[in-house]
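Inspection log for the structure reproduced underneath, given as structure tokens.
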């Protein structure tokens, strides 16, 4: 039996250079009514964006538990994008306001413990903003590529 | 069989330590946030083998890690394949400096359960390949009661080399096992050999002074006997009412060995872990159907106390508690298992 | 004692010298110390802003940077054109630090622009920083009896996004100051109408038409004089008045005062200090009205607003 | 163990051109739980659906993943396929490999294929945690509440009531009728507004299924679709409607004069008044803000003259409660205040009026007896300038949107002016003429030809007074010239804005509104009548500017929706709602605070099995819950889960990437 | 600051009047001058009660335990303790009617070495905010001081902060003592112990510690009252308070 010596191998380690084959994985959690619809519109209008994002649909950005962000960063993601309706446009009246407050705290905390603020990004994309969604994804992807892979200990343990 | 005793002074000991560290894979207490934990060291400067007992964590994780991988597996439609885990980094030959006597006794006690129905070869290997340097304390801490238990602390053979301070800055190194004997011979010059009666006398004197410094003393046999008859005593409830069930006692105990198994899976790959559990946890041995055998705090305390002082003794002939007092020191509300068992023993018999 | 940075601009040292002089007199009475920017330069109002954007920013920026070297928080500019250029530059520099950095390289020798100093026109400074009440207390010889049309011109309140002062269409700040001096500010619809100053040289006919309209409406309102706070307005309305009268065969006889001239008069300065001699249209006719009692016009027939106002018991 | 079937769609070439579909299928087959994976040209087609149905039976599948277009597109289709095969429809997951992969990564087939594989894997992982869900049915109270008694509210109430469903109609003012009752004639047919409206008003009053509560406001709405409870505050009218005969002696004698709202303040009414002669109910009310008796305790003349003794100064506000199943909101519109148009001198010149004031003037029962006059001197105007788009289509000063009806009513005004003052001339400044509607273009042509109205395409830049006249200076865009019109009267077609109480009402009802205050429909195209809150519908100008026919159509649509909702005894509802695991709930009640629908209440349950001691836990009313998941994320104990989007489902997705 | 006598009197009176079933206070630990919490349900034990500047532990933690739930409890609270008690009240965990609260106008407590605790130096509301009876003279509200350590950490670079926290996560043994000693962690079953939702369901790894501590921080964001029960309980002496205070809103 191997002792688990999974020191937290760098949350952000600039000295670790990404291997050439590395491609970032970005988890996108989108609200069903605005941002998911917006991302559909991006597709319908054939606006191209980097293929690194994996989209998860939730009913409302307020459904997003900060847990998801932490889990994503710990398991599969190099970056997380959360997107909901514009403030005031929430399908569920006030959900995105709660979400916004919660994300501010989450972001603050992640920044405190040493994550680069570009790892987790939030945006407001409406159902009509297909082009904006593509821009947002592009920006997030570029930011994460600049930061390099997120070597959170967990992945080390699971690598084959 | 008797082993040799060597004499040196403080500088000599430092030099010996340095030599060991440079030659062998060495672990020693390293301070972090005011608490000492055993870590691999590369120089004497980073560690303190004389760390205060109250501030030092148990050495147990070097033999029974807080978490270890049992196996890795991959589950696909082709079936489930099991992969070996990585090399056990704790199984190689190594030396541990600054172990406390009680702590070392803990390892010895644990050997019994690890050799029992399932033979935990990892634990045994790690022990077999380790040379333990243990300094006998000069003074007991407020919560220590190691001398009151069922083992001979003076001549403890759970450790390989005992370091005992003598008068005038003398330091005696006494081998207690063959492994220790060989190790000392390899690493010490002949000039320091000293098997004289004077040395033994001075060591005896040091022990007596040490034994006299204890605040906590008890009659082990009496307590053990009385406890086994007071299973239903309400004294448990009284003594542990202010416990906050925080688990700390079990996690820092040198002899607690309950563990839980957990799986963590990402994509197709999973890892099975073995990690510490604590009987003070509400969910300890919670059954899948929802039944909790020990929902009340005092029942978990009873389990803990009985296991430490009665059950283990019954099954393996040794007392599980080694009297190190770590639990009482770390307890946020200073509950001492010493007080609990004595309180129970002193309680009237249930009719 | 307030202190304020003063950017006179070229006209104050030329055509509108009387403006400059009266501003200084008025400010002294109002307990404001004026500190002229040392080594100020052209604001670029004439043609720079239509020819070269960078230059249009750089010229005022140098003045702004120089102004920041003085300790005052506010810079006041009498000339409306200068004011417009300064404020325009300031707003754009503050909104776009990147641009500010770029433009600043042109005047790097003078220092770094910080955006510390507020830019205000003389009118704005009197209205906002000094205040109507303070002006009222200084009035010793009110100019009551005069009916005055206040003409703001195009640059003092427009565009709103730049000037951030008063209403762009129907401003009232100057009217209120004039009333504070004791005169009657007449309702005047052409307060911010174009006077055609930009065509002053190239197409005088346009000026005559536009300025003529302003004069006509001022006369219509019953005013004895027009008051302005801009050298260009003054020169256009004053200097072109005889031409306009000749062209449209009318007689307006409306002297064009600077606001500060009237203020100085009300503050008790002697008439000969006002440099009225520089005016084309004689001022005496208008000034003769001082002291007259103005009768309130009788109420017109009951309009709907009157009915709307209050409930009443029969 | 889960047995998942994966169905990958080519979507013709839409997916297959940019994603290597067979590879995706092969990848899916590697997943442990996947027992069957296949591709097909069009999964949504009948044969495609048949494949799913067959595979469910043949491979004993426990959940289905369809990799195709967006779930927003065909989720319903595939769910139906599942239920046809006897499987719970909510065991379906859709991997969106078209909008999210093939269409957006057209330049990199490998990356798109990889991504599609990941999306399928995520969907499979999620589907493993899917649970069988069942539609929720909620009982219905068959009574509708209509808020607002204008033409929209009247029409909706009548249509619903005609279906033998009881309606409660709440109107803020003393009489129903609304804005339409203020109009003289209506475009494009010029039939008299009163003549077509009043019969409907009378119908409302006499309809056995309509309960009319005038002079009242909705102050509270609790509950959820089918089960609302409304509180209505009936303002004290100080007149006992039962004994009042509507004779009018009271208001004739009342000495207090108050600006008349019905006539836009052009003339006065009394402190006790009926808004207009045809009011329904035709009973006077006392305006407590102006009545001297109520203010100072002196007067009481009306009471002296009332033969029936119907005046009761001690009357107080009354709160009426009604249990209802659906709500129609029809609060109508207001006119934008044009004061920001300083260059027009709005507020300075009395002879600048707005269209509704003009409408009242030309109305036969109006304050001037149907003749337009100048408010300043009472003279009949000969030259009238109409300015359209004042505040509308003006981002800088007013509102960005087009108010829609101004083009038509201004044309109507030109015609009416011509009818009333034959020697008059109308000048109309316009930006565009938007006359889309049956007979509308013809109507505008008629105004131009018949009345000689001068249509000037351009904005007015300034209005100033010259003598008695108002000089309107504008641009004639067609000539490219500046024009000045010497006008006697200027009429501004100011923008139409929603009732200023709309935001407050929206908050009270729990529905959303836009930045202008218009109440928001659920979908601008496909659900223009519903709101995001089930069971609340919108009619008329409360949703957007509309003319009368459109308002009536929408009102009738509301009625159809309400009748549809009430067709059965229960309402079916999406099962994606939150549920509380009471064992884990610690009763902190944070969820109660965040729920936007007040769907969470608390209940007391025994501390343990058979224990007498109680503890408080949250309880979700699944009828109210709309499934946003706010409560799930706020719950620290993780005691709440949202069906269809549970934590295990989402975590599974994250981990499967 | 010694209110031992008063507290003994009050407790005795409450027991005598039958107003409480349980009293939660402090007693001497019996061997040195430090104190431990004591839960009394027998009036005879009342004379053991003490209160001095050594009364460190936040007693509102005991209100979430079984033997005080639905019982009438008398307890002693300092400023910080009362704030957490207040939160328990607003989050409906205890019923105000069941409590008899002795509030202390706290002058700050000292640690085992006799040094004033850092949180006491930075405390802005030293007086109990909810009480039935107040001991000592209220000291009023003080100005907010940013925690010196947090302020120090905040100005550090990303990498330094990351290294600092890596140490914390690596040294955490995941005993969850912090959670159990926190008065605001009262959940019936902590989310990180729930099998359904977590992939870190019990392994004592650093990643699991990261996960647990981050979650803990998020759940206490804006709620932490800075009583430092967690720090007192931590066997590894980890300064995890940083996590929390930083996200306080």
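For clarity, chains are labelled A, B, C, D and E in written order, and residue numbers in each chain start from 1.
FYI, a contact is a pair of C-beta atoms (placed from the backbone, for glycine too) under 8 Å apart; a residue touches a chain by one contact, two chains touch by 3 or more.
The structure displayed is predicted, hence computed values, not measured ones.
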Least hop count linking subunit B to subunit D through chains in contact: 1
Pair sharing more residue contacts (C-beta pairs) when D-E is set against A-D: A-D
Chain at the geometric heart of the assembly (C-alpha centres): A
Mean-CA-position distance for subunit C and subunit A (Å): 56
Where subunit C and subunit D are represented by their mean Cα positions, the distance between them in whole Å: 50
Interchain centroid distance [CA atoms averaged], subunit A/subunit E, Å: 35
Interchain centroid distance [CA atoms averaged], subunit B/subunit C, Å: 90
Multi-partner residues of subunit E (at least 2 other chains): 189, 191, 197-200, 203, 205
Multi-chain contact residues (two or more partners), subunit B: 66-67, 265-267, 273
Contact footprint of subunit D on subunit B as seen in their complex: 75-78, 80, 265-268
Subunit A contact footprint on subunit E (complex, rising order): 153-154, 158-159, 161-166, 169-170, 191, 197-200, 203, 205-207, 210-211, 214-215, 217-218, 221-222, 242-243, 246-247, 249
Subunit D - residues contacting subunit A, complex: 70-73, 96, 98-101, 103-108, 111-112, 114-115, 118-119, 122, 510, 512, 515, 532, 576, 594, 596-597, 626-630, 632-634, 642, 645, 647, 650-651, 653-657
Subunit E to subunit B touching residues, read off their complex: 29, 31-32, 34, 36-39, 57, 61-62, 65-67, 167, 171, 173-177, 179-181, 189, 193, 199-205, 208, 229, 232-233, 235-239
List of subunit D residues in touch with subunit E within their complex: 583-590, 602, 607, 613-616, 636-639, 647-648, 651, 655
